[in-house]
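In what comes next, chain A is part of two complexes: it sits with chain B in the first one and with chain C in the second one.
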Partner chain A sequence: MNVKKLLHNYLGFLLTLPGMLLIIMILVVPLFSTLYSSFFKLDHLQNGGYVGSANYASLFSDPAIWYSFGITILITVASAGISMVLGLIFALWIDRRTGMVAYLIQLIGLLPWVISMMVGTVLWRWILNGDTGLLNYFLRSLGFSPIIIFESKTASVVTLIIVMAWRTIGYSMVMILAGLKGVDNGLLEAARVDGANTWQVLTHIKLPLIKTPILLSTIVLTMSNFNNNTVPLILTGGGPGTATNVISLELYRMGFTYYKFGQASALSVLVFLVNIVFVVLYVRMIKYDI
Partner chain B sequence: MIFKNTKKNGIKITGNGDIKQGASLLELALLLVLFFTNSTPILWGLITSLKTRREILVYPPRFINFTFSWEHYQNVFDNGLGLGMRNSLLYAGCTIVLGLILGLLAAYGFERYSFPLKKILFYIVIAGIPLSIGSAAMLIPNYLYMMNLGLTNKWYTLILLYTAYNLPMAIWIMKGGIEAIPLEIEDAARIDGCSRAYIITRLIPRLCLPSIASSALFLFIGAWNEFITAAVMIDSPNLRSIQLVIYYFRGFFGTDWGGLMASAMVAVLPILLVFSVLGKLMVSGLTQGAVKG
Partner chain C sequence: MQKRSKRWIAIILTGILSLNLLAGCSAKPVPSQDTGVSNKESKEDASSQTDSTAESGQTDGEQVVRMWTFLDPAAADGRGKALGEIIQNFETENPNIKIVVEPQDWEQMTPKFFAAHAAGNAPDIIWCIMDEMGAALDLGALEPLENLFLKDWSEEEIADIDDSFFNFGTRDGLHYQITHSRNYMAFYYRADLFEEKGLSIPQTWDEFVEVCQALTEVDPQTGIQRYGFGQAFNVDKVDPQIMTARLLEKQGNLFTEEGKANWANETGEEALKFQLDCITEYGITPEAAVNLTGEELFTEFAAGKYAIISGGAVRVPTVRADVPFDPGAVQLMLYPSTDGNGHAPSTINGWCVGVWSGSQVKDAAGKFVEALMSPEADELWVTEGGQLAIRKSTMEKLGDFYQNPDNKYLTIVADGITNAGWPQPTDYPISSWKNDLNRAAQMVMVDGKSVSEALSTVAGDFDTRNGG
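Up next is the complex of A and B:
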């Protein structure tokens, strides 16, 4: 009995072991080794000795890093916000439809999420390109003056926000829609019988009932945008100047342009600290049995 | 009394015609906007990729009446896109196989057994799902780590990383699939003399096929689309993934948007094919855990 139970325990552990080893080796251990290397001078991967908290001190005293964090938060929050609001509107609308139409809308909505960030961004870069891109053609046709987006700081930031939101509207739409499908129709009807109008039904019944998918997709989108380096790298390259130099780009440059891996490690630790807040929220929000 | 009431309401709502009314003008406009913003970049890219070099720069742009030409596709395939495709197919294929095997075993272990450390291990799996979505925080850690182990710039480098990044999602989806299989089926199989190995490797996979397909889809998309990790880990031109090849085309061709669009179209084609066939599985995989059930 006892031996059998032990074997039983052992088997479950054994089954999860190979996969867990890979996950721990690649997602967990490197974080600790980076924490360690953030206390060293590591230019060009040459160990320049222990420097204590000097890497962190140099990051905190650099106004460019502060600006970078600030613009990242602005872009992250704005694009996730736009994406959540539009996703909610689309989801509420498709919820009234059934069958093929609803399914097709979901597929079209998810399109920007499934194509690679590289391809999606390159395609937008071409549409927004220079003076004679497709966007400026439309602007001229409609009687507006053309805009050379990537030479204007504000336009670059706004464009980055819009492209990031564009990527993710479908995701929030699908998540929220799944939540809406689970809402009991009887509950909504009961509220209507009691005299609630559409707005009250939405804010007092529907929204509270789909809190989980809304929060989960907000977390995922926030993390996805905060950590996104592909879209800024391809779309604006951080420019003009440093206007869109988000923290993930700064991290990439610090490592792979300037080879300051000690400082880059320290910055990675800071970025990870932001992420861990969202990861903890995610683990607490998602529904599972264990 | 209350019960009767709710039941009546339930009937009323299913017969309620005005909930599924015809599309209003606003709805139609919304649909058009969604369709327009999501498909225009791809369609415009496709049109551009099929134009001649000179016509791409013609202003105002031509939408239909252009000279059809394959020259950009010819050009990008002559300059390494084929190799990038082959590499990416290898990376994605191996990621799917490795991810499904490791994922199914782990999912079965988590779902059907209790063992020490189970809780903490499963927390790591769940935490891994959002963590590997955006990998800026992981970029430097993984680079330094793989560098130390001498594992960068090998044919298996990206396979290992992509499997690890997408494995939490795969475990999560397949665990949901196995959860839905009644224990009685396994018990019956055991009574009939099936070994535990047979149950895990033959019976269970057959019974949770949709969740396996869904995991495979996520593994494929994750491996095929990833760019920044590949950019950091791979130096050798022979090992470049397709996204990396596109990236280097940017510099290589300078302002040759035709070539860039052609390579983007080639990279997006497998995704569109797989997604249009298996889109439903993608939706179910994405939303698992967001709703009770």
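Up next is the complex of A and C:
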């Protein structure tokens, strides 16, 4: 086999090799390293020896972990749902309009996504803060009683959902809008000639044709919300009590506040598995083969 | 032709990626920031060095020393400015040593150091929080200072810095750290409000509650509901709360001799109950305390929401710089006691500055740690940074400085440390005990658990985690 033929056969492999090595180093190696660590007692990063599945057993037997997973799923699904529904509504509305208003709405919608997550969340914290927050300042100015948010379990969960949805509405809107712009006008006109009303055009033509951006946005937002640590940490700090103690916060504290690195590794593996399940579940639910 | 161009572009991109990979694998961690030295010449010099040699170790005869601290030498605050000046002076005197500061979030710096130590790429100098000094020593992460510079010190020089801070964390007679930013938990209070209402410093806890009740009102100037006493029970950015003082007053320690939690008992219950009664019974603390961080407590104090808060004395200059009212009104007082005789003990804290045991430039790092507490540097920390002196000679030299009413708080802190200071134990790990006590407060306030149940739960967690 001459060099030219060898090069022809393996050039693709050689060209992708550095990229694959990079992915292996930054994704695969840490993954297996975490998996390996999860079978050891690593309190304060001191090797306390092999403990088998004890770290996993202690996680499964801890009601706080179950609660944390539960509240994470609730917040993730609710915020992604709100974001997708509002994003779709805005996208459909903008799709029918041109000019400055549509441009401004796109711009305003995208701002929460493009500004720093930390800055946006700190602003919300300041706005909603009890006695010194902007919201209560206005309420008091208008003669209303101030409202309590961060001391109430329910209000904290609802607020977290709203802020996480606020952050991502612009993203879902733009993704869906991009899909809508790709819909062939000829199809829409043909449907109208055939007597289809607006609702029928939406449900039988537009939505089926934009299911790819909807599906992709939903997956991205779900993953983003599920693993989001910044917004819950800054907005509610997981509180009051453990009301908004989402799994990423629990994981962060387990490792970097309480120094239980073995258990934190085990929890990381569980979170990773849940992420995988989410992706598979969504793809299968929609029965769409990416 | 087009296909050939694409192939060449792919080959070139692959080559670039490969080179990046190789460079990434071979490079040591690149510091994120230079020392922030203010003069132009030094900055130009620093930037050129950052490009070529700013990595830990020795390059072309120049030793680069990386340091993690929460201070930023380029910042305008007192401590940052003091550090910047000390680095500048040191680098002038030691042209072959370059100090590279990598400012960190104070709460995450120590866990990051532990992780970096395990990974073998920790900074040469670390500012380790006092709470975790026991764990740092157990990990063997710090080099004894006797191996670096203390072996050359005379008895007189040692005597100048010999105090409870210097002896903190000693093992087998070896010293591993010099405590900077010496801190003491005390009450910040608004002297202007005390004067306005004709109140005096409370000597007992009962008087304290009465004073706080007198100060709880709607501020007529700002319209803000002001509370007599601000507390923060969030588990992030945690400072010890008053139940610590109440516990220490009664039983002297928070832990047993074996390193187990010693707060799930009658004394602990009384202490936690008193702390929470400030919200539920006395009405001097807002319910918002359950989810407030230590950082936010200071911000809200500066905004005028509280008349008194509990916090680390080290922040007085920063708080004074932030307040919209007369900065001189921010004063410190020690904790009261149950019977009015003396003061309830409070936590001594600070940052243990040491040299990483795995450093390739230990001698240079040790030299800078030594320079950080030289007589000149110590004076800068006090006068510029508003910190307590490390050296007794500095305190004597700066007698007039301490007499200034604005610096009165330094004498109060020194009094507290000497007469009512509680250094945290280092013979066993005590990680996150403050978080645990705050969790107990949250369990009672938010989850409706009983005081005893909450304390038992967090004591169990502490023991399991720290192997007590």
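Convention: the second predicted complex is superposed on the first by the 244 of 290 C-alpha atoms of A that agree within 3 Å, B and C clash if a C-alpha of one lies under 4 Å from a C-alpha of the other, contacts with A are read in each partner's own complex, and residues count from 1 in each chain.
Assume contacts are C-beta pairs under 8 Å (C-beta built on N, C-alpha and C of every residue); 3 or more make two chains touch, one makes a residue touch a chain.
This is a predicted model, so every value here is computed, not measured.
Novice: Where does A:90 make contact in the superposed view: on chain B (first), on chain C (second), on both, or on neither?
Specialist: first
Novice: Looking at A:45, would you say it contacts chain B, chain C, both, or neither? Reply first, second, both or neither.
Specialist: In the superposition, A:45 contacts both chain B and chain C.
Novice: After superposition on the shared chain, which partner residues are touched by A:150: those of chain B (first), chain C (second), both, or neither?
Specialist: second
Novice: Would you sort A:208 into first (chain B), second (chain C), both or neither based on which partner it touches?
Specialist: Neither partner.
Novice: With the two complexes superposed on chain A, say which partner A:70 touches: chain B (first), chain C (second), both, or neither.
Specialist: A:70 contacts neither chain B nor chain C.
Novice: Who contacts more of chain A, chain B or chain C?
Specialist: With both complexes superposed on chain A, more residues of chain A are touched by B.
Novice: Which of the two partners, first being chain B and second being chain C, lies in contact with A:258: first, second, both, or neither?
Specialist: In the superposition, A:258 touches chain C alone.
Novice: Quick one: is A:22 in contact with chain B, with chain C, with both, or with neither? Answer first, second, both or neither.
Specialist: After superposing on A, A:22 lies in contact with both chain B and chain C.
Novice: When the two structures are overlaid on chain A, which partner does A:132 contact: first (chain B), second (chain C), both, or neither?
Specialist: both
Novice: Touch check for A:14: first (chain B), second (chain C), both, or neither?
Specialist: Both partners, chain B and chain C.
Novice: Find the residues of chain A that appear in the contact set with chain B and again in the contact set with chain C.
Specialist: Residues common to the chain A contacts of chain C and of chain B are 11, 14-15, 18-19, 22, 25, 45, 132, 233, 255-256, listed in rising order.
Novice: What does chain B use to touch chain A in their complex?
Specialist: Chain B residues touching chain A: 6, 9-10, 12-14, 16, 19-21, 27, 30-31, 34-35, 37-42, 44-45, 48, 57, 59-61, 102-103, 105-106, 108-110, 112-119, 121-145, 147-148, 160-161, 163-165, 167-168, 171, 175, 179, 196, 200, 221, 224-228, 232, 243, 246-247, 250, 257, 260-261, 264, 267-268, 271-272, 275-276, 279-280, 282-283, 286-287, 289-293.
Novice: Taking the touch rule as given, give the residues of chain C at its contact with chain A in the complex, in rising order.
Specialist: 7, 10-11, 14, 17-18, 21, 108, 111-112, 114-115, 117-118, 135, 138-139, 223-225, 234-236, 286-288, 290-291, 293, 300, 303, 305, 429, 431-432, 435, 442-443, 445-447, 465-467
Novice: Where on chain A does chain C make contact in their complex?
Specialist: Touch residues, chain A against chain C: 11, 14-15, 17-19, 21-22, 25, 43-46, 130-132, 140, 148, 150-151, 153, 156, 233, 236-243, 253, 255-260.
Novice: Where on chain A does chain B make contact in their complex?
Specialist: These residues of chain A touch chain B: 8-16, 18-20, 22-31, 33-34, 37, 42, 45, 89-90, 93, 96-98, 103, 105-112, 114-120, 122-124, 126-127, 129, 132, 134, 137, 166, 170-171, 174-175, 178-179, 181-182, 185-186, 188-190, 193, 212-213, 216-217, 219-220, 223-230, 233-234, 247-248, 251-252, 255-256, 261, 264-265, 267-268, 271-272, 274-275, 278-280, 282-283, 286-290.
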